[in-house]
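One chain, chain A, appears in both complexes that follow, with chain B as partner in the first and chain C in the second.
Here is the complex of A and B:
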């Protein structure tokens, strides 16, 4: 179906083009780590400090590839569920999310809040700082089976 | 009218901890903050619901799907499907895009972790009115169909081509192959 401006305006007026609950975002710039949110929120593999950073990098890759939602863990301790990164809306197992697993980034974009969760549309990755949380020094590898024992 | 009054009472309540455990047969994962939760919801594209950007068919599997709970209009985020391992819930929920469903699983509400609210592990789903539950365990089969060249022994995540390409390039800690070899040597000495 082709949308003419008049028809599109009519649809908007009737609230048909988007959910009534969709809201305008707030522009923010935030720095934080791209994390896998299931391990972080559920505690399935340990406390929050253990399921981030270099210690958890392999698992973060697994989770991102597996379609676990990724979030940006801000310096303020808040988790921002990532909806898009630089126009890529593939937030379920997409390549952009996977490529940034465990990276600290500075993101510029739009923040939305809904039912206790923060949602982030990253319009620009201002800086990709790479993996900066070297928590393997404290936790080794999490989970332990992430690295198979080398064959002798 | 009853629902409106119920919602008003909920909104007016100073401390609200939703309990959807009645009738649930969800299996425990022994998670600290889990609670069994059976509820009716509409399956929605979360990006669409939050921002108003709405492609066809809830993003056709590329986007995270949410559960707009019928009882209180809360957007619940299913982070996880029923399989052990590292799989999200999009593949299992996509066939129900836009439909009213019943879901059964585990709700995560952890006051000790900032933002850990309305997070869900979906174990089974059915369209409202249907008697037949569908187990939320289809991700691995979909992955196998997508990556036939990765067929082999062991769990999918050890054979995933994209993951293995990253590991081959920057190692298990993501810090480069030289550092990785050094750390692995220390780890297994």
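Here is the complex of A and C:
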């Protein structure tokens, strides 16, 4: 059955199930860095170039462990909020998320666009390139207090 | 014939129609206790949409960002005539007791509702939203630190999930999402 635009819109208004379409999610393969979304979006710890990569790795671990959702900063400059990632049943703090913090990965999964945001369910980490953005050479540790001073 | 179609189209906001559905089935019934000791379910007794978060009052991590953001969102949409109730379900019932929840959450917003309950009651709510919690370490100053799901959930007055709100976007952006779904509901 071919749906007319009006009929399709009516079905959506009623909450009726529509046939599978692009609006239900799109399979993509994307390469980018697993980032700490709080520090990236808030800017409280520094500019976007400083709160990624090796400079921000320690803080990214703390943030993920504390429940902050991770994102994938794609090569297209878009941030994809990771809802789930292969091997973890949480959007933060799982072992996979912690192991991949600051890593550049190629991910295969489903993209959902909602409310102007990108949500990604990573079904497979195709390639883990490791930490490739060695920006600690430029920025040091961001923020410096991410590595606590040992108590005397 | 044309009138019903137009009415249906009017119900179907273009902003809501042109997007993906949630990729999982979240939400459901629960029965907990608020900071006054009153039983409360997933439905808002006042008939308002709700912004729901799972966390704990003593949290120094994501909750310290999410709870103030929820308050800011509630205030921002109130200026548009929309009343949204901020609700936190605790993942730390040992410390978030009926007596402790109220003062801690009132620091963020006077309308904040804190919910706790027995382990079994809380697990029902966690299961409904696929919330996993885990004690990850103990802060020598502030006590146990828990990892937990951290998205905000926008519910309608009956407690049905409308959409997710990441806790990392600006309060203005979050308020825009909330308003889009709740205009005319409160």
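Here is the rule we go by: the second predicted complex is superposed on the first by the 122 of 152 C-alpha atoms of A that agree within 3 Å, B and C clash if a C-alpha of one lies under 4 Å from a C-alpha of the other, contacts with A are read in each partner's own complex, and residues count from 1 in each chain.
Quick note on the criterion: contacts are C-beta pairs under 8 Å (C-beta built on N, C-alpha and C of every residue); 3 or more make two chains touch, one makes a residue touch a chain.
Keep in mind the model is a prediction, meaning the values are calculated, not measured.
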Now for A:115: first (chain B), second (chain C), both, or neither, which partner does it touch? both
Considering only the touch criterion stated at the top, classify A:41 as touching first (chain B), second (chain C), both, or neither. both
Per the overlay, which chain contacts more chain A residues, chain B or chain C? B
Looking at A:129 after the superposition, I want to know if it touches chain B, chain C, both of them or none. Which is it: first, second, both, neither? neither
Would you check which partner chain A:77 touches, where first means chain B only, second means chain C only, and both and neither mean what they say? first
A:69 contacts which: chain B (first), chain C (second), both, neither? both
Quick check for you: in the superposed arrangement, does A:59 touch first (chain B), second (chain C), both or neither? first
Under the contact rule defined above, give the chain A residues that sit at the interface with chain B and also at the interface with chain C. 23, 25, 37-38, 40-42, 62-63, 65-69, 81, 83, 89-93, 110, 112, 114-117, 119, 121
Interfacial residue positions of chain A with respect to chain C in the complex: 6, 9-10, 12-14, 23-25, 37-38, 40-42, 62-63, 65-69, 81, 83, 89-93, 110, 112-117, 119, 121
Of chain C, residues touching chain A in the complex: 5, 8-9, 11-12, 17-24, 55, 59-63, 65, 130, 132, 134, 136-137, 145-151, 163-170, 173, 177, 180
Could you please specify the touching residues of chain B with respect to chain A in the complex? 29, 31-34, 44, 46-55, 59, 61-65, 73-77, 79-80, 85-91, 108, 110, 113-119, 121, 139, 156-158, 160, 162-163, 166-167, 172-175, 183-184, 187-188
In their shared complex, chain B is touched by residues of chain A numbered 17-19, 21-23, 25, 36-38, 40-44, 48, 54-55, 57-59, 61-63, 65-69, 77-79, 81, 83-84, 89-95, 98-99, 101-102, 110, 112, 114-119, 121, 131, 134, 136, 140-141, 146-150
